[in-house]
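Letters A, B, C and D mark the chains in the order given here, with residues in each chain numbered from 1 onward.
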């Protein structure tokens, strides 16, 4: 059946599998010490315009978030996130499992606001009893957010400035980073993110890899003995080549950006099609996730022909649903979908 | 200087010290296996009208909350609390330190609402992706709340019914329980709490003891090997007599209730005095914590003569402050305070 | 360069890559809910002779050990392991990171002994102060052990009987299980392991997969909400197909056993070659890891031509080294090695 | 009944209770910010000859060990201890509960040996795969040990030198420190301990206090925000006065040392009496715990008249038992005991 449920329903971009096949019988050292990892790291550093960055590969988003956040935070610190942030809502408490609180700010279509962040930090430090509270030790953003929205350059700069002022690292969850960078409607670039954030990750799982996320520490700020910490968190692959080769492929000839752009083109097509047919959007998403408001009868009807995700009730008669495109979505699929609307 | 900063500024009720002195040279077994602990437990079970209860003594509130919550929850579960609940706001992340998330509901003058609790639980279980979220495994209330407010019998019954319906335990933090039970304006009794809650604790530290909280498991539901769990959490006193003798004294001849009542009488006096002099209250507290709105000039003036706690800004010109009475507050102190108003 | 450093230097068995390629563009549900995972589970249950088993796929050994052990243990429990057990020695404290102690027994060429296990358990329960200690809550074995050795059927039966007597689960780490089952010198079969153990895992990473371990709960004893626990431990793959397809391939037409047998044949060849040339063995390993004692001069010389692992000093003049074969080792490689001896 | 079971069977030294009584109605700030805590800290720093030390009060030994060790260690580090060390054997896994492994060395009558420590550290750092292991991040000693034995000055100096060489802190558990310092057979002083160790604690619970241990950071090396960390570990007393006043009393007019000396005198008397009557000792303890080998018939007989602790079986016919004296033991009790021998 036609499916737009999410951006990780298919395997890997064919070039990745090809590369895995070509290199398969080479004998390589384990744990990320192979030359493919090395090469992938160099290409990522170059793409980030950040020659001094330290890059590490992990296998999934929740794992990456929990490992990075726990490794960077002091024991008395928590991480600030939007209420709707993935770490707060949909990671089974993986951050708390490592002993750290998620400190929440209101989510505005998935984004936090610089001024609310600043107020939070100011209030914390002004509070006479703050030693009895959890110290804010990091700011977590997702970009794109869980609602497909993006921060602007100005917003990122404002948040980054506050983080530097309060001397806490800014961490950006880029599970879908490619789709954000290739949006028609963004002024944010990868080097800009590397410049403004202290840590971020470039998502592979949702952008064409079988698995894998590339964590970038931009300021020579990787935690000491990070390999040991990764292992302790159960996140160290014996065959590090699996992520190394995938990212090396994704960052060769701009593949990561091209396939992200393709998903965006498909999303814009889909968006236009829904709009032209009079459907309403829950919010204006400039990335590969589109949130449509469906009348409940229409929803039931549509579910028989195409798979998509139920997001949340809108009102008694309507429901918000999500259609996601990906590197693998085709124009034909979009057109087939339109034939059902 | 005159002080109303909190209810733990003085040592212990004199009868407690007397009792510690009398029993001091007796040789007793350690870790709570002495006959004073035994006797105190019996008296507490009787006062609770709950002969099958299991009672344990710990030394402080944060310690008690973290130990109980972590010991009762499954690893995939979190605890539901008001946003303003002590475990969420002022315990340095002690619950998260044990690996569990605090799931928040809005606080209404410190209280959660039964209908919001039910919606939260219903929404969680209806969510198709709830396996990727933290399971709600317990409901945490404080009574009195951090704002001095109380639940009514009807409110507790409603919350308790929801918990039973969803098969999760109801846990009541009674750090100031005596002051709640002896309020002029409550229809809640100790046996009622024992009946409606699965676990609760009777606070000693803030109600006349040097240290000590009595945890009551009301439904033969103490965790297996709870002594070991207490020790693992660093909460097992070698000289268990210290808490046993204190609670035995507090529950002899209704001392706990009498001294709590005294604090309430002092609070009502204080409240009346402020009201008569035209001061406004931030909210209507029926217990020993009173929240007054002071004009900032007055505040500065008053601070020179009497100690109290700054709670939060009210508006540009006013501040919310807290005056707390306790078992040790005297009428003379209240009158001296009035002379400064 | 010729290399025998370990059994995870190459990618995946070619049939696995072929299968990944064939299925790549299929749209499948995430998180292990796809039909390849389902099929793989059925095949594994059949191979185990255990139709009621519950099977889950994780990505690596340390991750699997920590997730399983933490999920199964009560909070007051630890896991018993040989001093040399992988969880005690080479997993960066991943078990302790989850809050549980590893309780050690002496290792006898990597194995624990039933009688020492029984004494440990008897002593624990007889100790009047055992409530102040860590409760033994699970027994961990590795098979093959870290020294390539194997338990006999009689040894496993004895250990299993003790575990049942003390009502604690027996967990077998089968990171290299294939190489153990296909040894020339074993009376242990896969159904026997499924019968005698409560939980075990079938290693993929070291036996032909890119990544992946199949955890088998043999007695309908998977922890409640195990998916959530896996996610909380950062171990849930979004594209569960990656492990599902690999295990489905490994358990089609006995591929897992055939490639394991090949590695054993290569190991026996290697063993014979070293023995014929007068080399001594550190111990008699019946599996794919062979521990040879090299004179230090010879070692330095050999290192220039072939890669292998330094294990530990033997005496002033000799060193123990490890040669590992795998599913990918060729007869030609063995012969080339012999030409250097 | 006559009892020598342990050194925490009685309440507090009478002077402590007297002091609690005298100061009881003073209104003091909470959480250790009162002037009694301040005064106690000053006296302790003076007694340690360490004016720059930072002193904190906690309530019990297990709590202190877990809080200090977890707060000081990096997340990838464990703590080295004798196999028989209290943290490894009798604290219910409280250290592992915080995520850290206890790395064990052989215990020699409770002591570790400098040369074995050095070999352990050298071996760890020489191991090519040490990044896959738990880093040794601290050395834990108990003094007196769990067997009543003591380190000599030379032994402490050797261990301290190794720790400095490897740049890891030396932490001394002084649950019974007074009894060690006042032994007839020691060349170790309190200032010496403060000089050689990075952190240690002066035990109160077992040396005359109701509860309380004074942690001393000797090199301006208290963890940042240690108050918050203490609270997070459930170890922060609201009425910090309780420990402050006790330690202030213990360190006024050398009370701590006098009462410790008294316990030693009683232990020496007891020792002499057993020896004169032909009893054998399990080991030669120079402190307040004496380990006697009793014939099993005698043991049963004696148990009817006097309480003591069963330590461990010696052989088929004999058992090791422990008699402990304390600050409260009287000459009359010792003589009554002798009448039963």
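Throughout what follows, contacts are C-beta pairs under 8 Å (C-beta built on N, C-alpha and C of every residue); 3 or more make two chains touch, one makes a residue touch a chain.
Everything numeric in this text was worked out from a predicted model, so none of it was measured.
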- Given chain C and chain D, the chains that contact each of them: A, B
- If you list every residue number at the chain A and chain D contact, are more than half found on both copies (same) or fewer than half (different)? same
- Item | Distance from chain C to chain A - Cα centre to Cα centre, in angstrom | 34
- Message: Centroid from C-alpha atoms only, then distance chain B to chain C, rounded to Å. What do you get?
- Response: 50
- Query: Rounded to the nearest whole Å, what is the centre-to-centre distance of chain A and chain B, using the mean of the C-alpha atoms as each centre?
  - Reply: 41
- Which parts of chain D, given as residue numbers and ranges, touch two or more other chains? 75-76, 91-93, 97, 99, 131-133, 228-229, 231-232
- Hey, which residues of chain A end up touching chain B in the complex? 75-76, 78, 89-93, 96-102, 104, 128-129, 131-134, 310
- Message: Show me the residue ranges of chain A that touch chain C in the complex, using the header's touch definition.
- Response: 3, 5-6, 8-12, 14, 17, 20-21, 23-30, 59-63, 66-67, 91-94, 97, 205-206, 210-211, 228-229, 231-239, 241-242, 328
- Can you list the chain D residues touching chain A in their complex? 70-71, 74-76, 99, 131-133, 135, 224-225, 227-229, 231-232
